[in-house]
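Per-chain numbering from 1; labels A, B and C assigned in written order.
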Amino acid sequence: MVYKQRLDGRKDDELRPIEAKAGVIPNATGSASFKIGKTWALAAVYGPRELFPKFLQNPKEGVLRCHYGMMPFSGSGERVRPGSNRRAQEIAMVIGKALEPVVDLSAFPNSVVDVYIDLPQTDAGTRCAGLSAASMALADAGIPMKDMVSSVAVGKVDNRIVADLDYREEHIEEFNPESEGASVSDIPVAVIHNTGEVVLLQMDGKISKIELVTALRLAQKVTEKIYLEQKRALLERFPRE
Amino acid sequence: MGTLKAQERNIVIPGEILAEGMDYLPGENTYREQENIYSKVLGLVTLVGRVIKITPLSGPYVLKIGDKIIAQVTDITMNGWRVSTNTAYTAMLNVKDATTRFVKKEEDLSKILAIGDYVVVRIVNVTSQNLIDVIMKEPGLHKISGGRIISLNSQKVPRLIGKQGSMISLIKERTGCEITVGQNGLVWLKGTPEGEYLAEQAVHLVEEKAHLEGLTVRMEKFLSTGVKA
Amino acid sequence: MISNKETIVALAAQQKRLDQRGLLEYRKPIVIETDISWTAEGSARVQIGSTVVLAGVKLSIEKPYNDTPDEGGITVNVELLPLSSPKYESGPPGMAAIELARVVDRGIREAKAIDVKKLCITPGEKAWFVIIDVVTVNDAGNLFDAAGLAALAALNSARFPMVNKETGVIDYKHKTTTPLPLVKQPLPLTVYKINGQLMVDLSTNEEIAYDARLTVASDKDGTISALQKGGSEPLTVEEIDAMMTIALEKARFLREELQKQLK
């Protein structure tokens, strides 16, 4: 009952290959594509624009509104019914809350900035990929931001604290015969780059307090890699030739 | 002692450190946190004496009194028109600020400006809640007819206009188009179909290369060869 | 671009367009990629100019309908994502998405492009059902042609998933090498009328100015399997005739692109 080596051979702090690109949706004010392993998120930002219905308007600052959706063919099992559901609404909400501390919409009272996240294919870690893409799209849109937000899932698979779990690790019993009866905890985390402060934290599974802190330290360390990819992609928008 | 952490004309992203220590001052689109100055937007580092500011490469137009903008009529009210401004805010154009001629009380305002019409107007008032008044009763302000309206990011408008209007004059001269640049990023072009198309490509060139130096040389080259360098 | 309707209409009279294209010329580039989503049984990304759509095929095993006990089935669904354009909002599909889905669906269904009898596993009990989802990523115009092309490319790339012999449960993680029983290659092609002139591949700027449109789904041999007239102006029979000629010719062009780019 020991997870000796990660199923895909990665080191504990090793992320899956990342492909990040900004400015992928010309219609949008800002946009980004973020792929990590086989999880792929697209994000588009529209606004600041007029917010309807009017009672949602905030006279002090603009409202940041996030939307999250899996494309119907993006689930690893059966077709995903299009349209909103409780899971999508909750994820959109936690992503919005993660971005609020860095986004400054005080110059745009009564307006809305819409962030749309849609995933063409998934292999665990979708909210983290979506959030990393959204942060890039907001920067690309020229929205004033204190800092970037970078996100990745960490967790405990059997006895190991690892970064960026994929679907097979999330379901380790099914894929690793030696891990029968093993428990998995999946911890999506997002941090603000400069301060390392945590803006998104959820967990499914079981973990001790000590292990959790270890996992959070690991998240702080590996989100730096996500940040560097986000930055590289944003700068690539403006080639020096 | 202060240390500069970013170089002039480098591109930085939000949250990137620009300077350490109190010798430098935070300018537009930056903020200070304790000893350090950070960027607040994606843009180019600009140093003016000891002040560090960021020239954004994208981002929303911020309404300013005195700006000439291109707007579209979205509604007709009792005493004028509501126009959209290519921002999150609509503006009011009062009848008395739209035309010098006397408009009778019962006159059909849609005969003057109909819904969907584009207008070149000037911003005369902006409240803290971004309620806006515009006027159309000045030389150079008018209803738009014909030609085409294109958009570019409003942050790139200064580059499109150029120093003392040099860039826009160059484009006008070489494409034979009448061109009106709205500060809100809407640009009206009117000429021959070929001229309008060339002018449109020229505006796109500014959009794509605004972060680079030597834009005028590139523009000269493009307008003579049709190839974007 | 926001453009002016009156300018588009005036240009049409001179057989010209805003971007200097010929009336029957498609935007460039046309890019067709398949297998872009590992979670789908078949998938494609289609780009025409700056219009980008994705299509994914999902397969499931269901009980056949009572009136066709020995047949599987197909469904086409289109999502106009708010991600892809400022004009789309969240919520249930509107009329534009429904029409788009119905036109692509009829083109495939009526051509009998998929041999639905071959989708049957046990008559009256089990058959494969094919769902094609098309989603927009950047709507820069002419979604009919882009959606139809993406749907067809995704169908071509689809492979049946493995099925557990004992339980009969689909193992979506593993694909077989068996393609769908695709016996026809129907492709919808849309011809638009602006100020008396016929043209193809309108951009979103031009779409505000068309009087009428006709979408024609046709197969390789020119057999027509579905038609849809849109727009608020009528068409004469002569115009319809001319539009069909253009549609068949341009469908050949798009089909060649598809063949070239499918691996």
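Following the convention adopted for this analysis, contacts are C-beta pairs under 8 Å (C-beta built on N, C-alpha and C of every residue); 3 or more make two chains touch, one makes a residue touch a chain.
Values in this document were obtained by computation on a predicted structure and should not be read as measured data.
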(Q) Quick check: more C-beta contact pairs at A-C or at B-C? (A) A-C
Q.
Taking each chain's centre as the mean of its C-alpha atoms, which one ends up farthest from the centre of chain B?
A. C
Q: Give, as an integer number of Å, the spacing between the C-alpha centres of chain C and chain A.
A: 32
**Q.** For chain B paired with chain C, centre-to-centre distance based on mean C-alpha positions, whole Å
**A.** 38
(Q) Using the touch definition from the top, which residues of chain B touch two or more other chains? (A) none
Q) Using the touch rule from the top of the page, what residues of chain A touch 2 or more other chains? A) 49
Q | Sequence positions of chain C contacting 2 or more other chains | A | none
**Q.** In the complex, chain B residues that touch chain C
**A.** 118, 144-151, 186, 193-194, 196-197, 200
Q | Interface residues, chain C side, partner chain B - complex | A | 1-4, 6-7, 10-11, 14, 16, 18-20
Q) Can you list the chain B residues touching chain A in their complex? A) 11, 13-15, 17, 29, 31, 38, 40-43, 56-60, 62, 87-90, 128-130, 153, 155, 211-212
**Q.** List of chain A residues in touch with chain C within their complex
**A.** 25-28, 38, 40, 42-44, 46, 49, 67, 69, 71-79, 82-84, 114, 116-118, 120-123
Q: Mind listing the chain C positions that touch chain A in their complex?
A: 36-40, 43, 50, 52, 54, 56-58, 60, 77, 79, 81-86, 90, 92, 131, 133, 135, 137-140, 170, 172-173
